[in-house]
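Labels run A, B and C following the written order; every chain starts at residue 1.
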């Protein structure tokens, strides 16, 4: 047993060192929307590169986590991507930092390039169940949607209107997993944040409008939602400086360069 | 049913043997599938550099730190609790209703799904105790999760210490605690260590309980109150969100190697223990 | 240590001994506290037997998830239990002890492979095979059952072997001396003598299958849907919690904790059955 004592002491020391570190820095956490998370990471990295006294932690979790953690104080800044904020968020200070298009995506092998809003609605409701009904090959449609409570899903359903998702739709819990599922299945259709489109999937035109940044800024593409930062109180100190940075032209450029649409 | 026993015997060997071969093939396939694609990705640079763009490029250094810290914290907390519980159960008390309750509780705790531990850790450590998503919350949650494993393996190890050792110690005038400290624990140590290694193995591979309590921050933690991401969580996110297949395989291969290493050393310690005994 | 008396030591150890059971009670307390009020407010029958899960309309029926958990677990049993028991019998009765001592730990290594890795293999290898040969999305009840069936193998094999080896050697010798083949000995003597241990191993495997989360989320597709064929996509109780927890607020969040309550109760019942079965075995021994 005597041999174990120094090891144990070492553990204790390590713990205290770890507990002791990180003092003297302003630290805060951002949590919430998985759609905005990559952008928040990038913005935080850029900001910290110039402000060594600040340490920003970015967590995902989803819009609800963003609202909850801003309310409970688990995070100083919540992130949410909803068309309409729920009642829990009413007492929070909300700031729109970007806009995000929602792209309806299919597998690149799919011949269909354009759908009308009505067709999208019918596909997600299960009324159209085969690709040949909308000009594609004769194959059953695999609908992929997000889980209940997702900001992207509720925004998608609010904009398309009257959606009662068909029972056997696959459910995935993030933009990335939707992209993977659609990329793996030639007959599937899903929707995801405009910023996460890559060459593994194909975005569709909706009512003839492309889901490009230009057509979103021009107001032609209709599937767009705002991205909010949520704070318990009015921003102050380093947090205010950071939010000002996000809204500055440099911050907004970072947002645009990586696929989101600037707030203004 | 009048098939000659010779044929039923042959059929049984074929079926049972076939099942065994199938099982081993599946095991080997899983390990090779990951290692074949993952090993080429692993390099010193991959292990020691920071991820870029949420893991799309770069290495896995912060997740390596998380993978070491979380199980370490869990073990530091759970080992004394588990070992002393088993000392109490085997040395200080007879079989009573209370020990049966403790054993039943331990068995139940062992069977609870990790998602329940995750939920519990989230509302208790993260929210109620205000620790936030942190190494501390994750480590404590994992500690609760591995506690039954440590109790069970330690108790077996302690019970395997021959009665005569205790009798000699007592006849020399030692107290129970002196006997435990000088005789029983040193002799049971390899068994206890095996339990610890198995617990580390389970903690390293855990996802559901960790993602809800330690969060998924990719930064190198600077204190126990910082969030962290373990390799298992990192792999889950990389693979599921399709961020980078290459880095996902690399992370999975590192993860499997780590888990194999920990488990093999557990068996090695256990075997040495058994051969020393006999 | 002389400063501390024997009695104090015993007192401290006695207190520590309650750590596991206190942890269990704490978990039960917190999960029940978050979930039970919701169940009673919403209505037990409505919650358990309605198949309407539409959180945004405040409809929380978890029947499809209960059905899915049962089907997936049953499927995992069909895949894993016979295979596991067969391997256990083969290793303990047909293979020399020395060989078994190498193969058993190797198979136990299967238990150490992280569940996310199993899920990933399911998505990359199994789902495309199912999609291409049977149609449908591939991410399905069948895929979930097979992956879970493989995941429970080590539990079933390891505990079954222990209980088969616990059958006294004299039983075997008696049977073989009467001219029985190894197989006759197995199905007439060994299986009977080690029955409760084998059953306990299957129940513990069942517990693991019902409680598994990440692998199932990855391979089962997660539709809120009462399956009509093995190729349907399904969502289990565990998947329901992990999928929606991060985005849930208010009633929705309580409903997910209530899902946890149901899962918790099922697991405690299964564990109690298993521990009774194991106790029976040790008493016989």
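Everything below uses one rule, namely that contacts are C-beta pairs under 8 Å (C-beta built on N, C-alpha and C of every residue); 3 or more make two chains touch, one makes a residue touch a chain.
The structure displayed is predicted, hence computed values, not measured ones.
Interchain contacts join each chain to each other chain, per the touch definition above.
Of all chains, the one whose Cα centroid sits at the greatest distance from that of subunit B is A. Mean C-alpha position of subunit A lies 34 Å from that of subunit C.
Distance between chain centres (mean CA atoms), subunit B to subunit C: 17 Å. The residues of subunit A that reach two or more other chains are 60, listed in rising order.
Multi-chain contact residues of subunit C (touching two or more other chains): 123, 242.
In subunit B, 181, 240 are the positions where the chain touches two or more neighbouring chains simultaneously.
Chain contact summary for the complex, subunit B toward subunit A: residues 53-54, 69, 72-73, 76, 126-127, 132-133, 135, 181, 185-186, 215-219, 221-227, 237, 240-243.
Those residues of subunit C that touch subunit B in the shared complex are 1, 4, 6, 9-10, 12-14, 16-21, 23-27, 30-31, 34, 82-84, 86-87, 89-91, 94-95, 103, 105-110, 112-118, 120-121, 123-125, 150, 153, 157, 180-184, 186, 204, 207, 210-214, 218, 238, 241-242, 245, 257, 260, 263-264, 267-268, 270-272, 274-275.
Residue ranges of subunit B in contact with subunit C, taken from their complex: 5-6, 8-9, 11-13, 15-17, 19-20, 22-24, 26-27, 30-31, 33-34, 80-82, 84-85, 87-89, 92-93, 101-102, 104-120, 122-124, 128, 144, 147-148, 151, 175-178, 181, 201-202, 204-208, 212, 232, 235-236, 239-240, 248, 252, 255-256, 259-260, 262-263, 267. Remark: subunit A residues 1, 11, 15, 18-22, 29, 31, 37-38, 41-42, 55, 57-60, 72, 74, 174-177, 179-180, 183, 200 touch subunit B in the complex.
Residues 60-65, 67-68, 86, 88, 140, 142, 147-151, 154, 167-173, 181, 184-185, 188 of subunit A touch subunit C in their complex.
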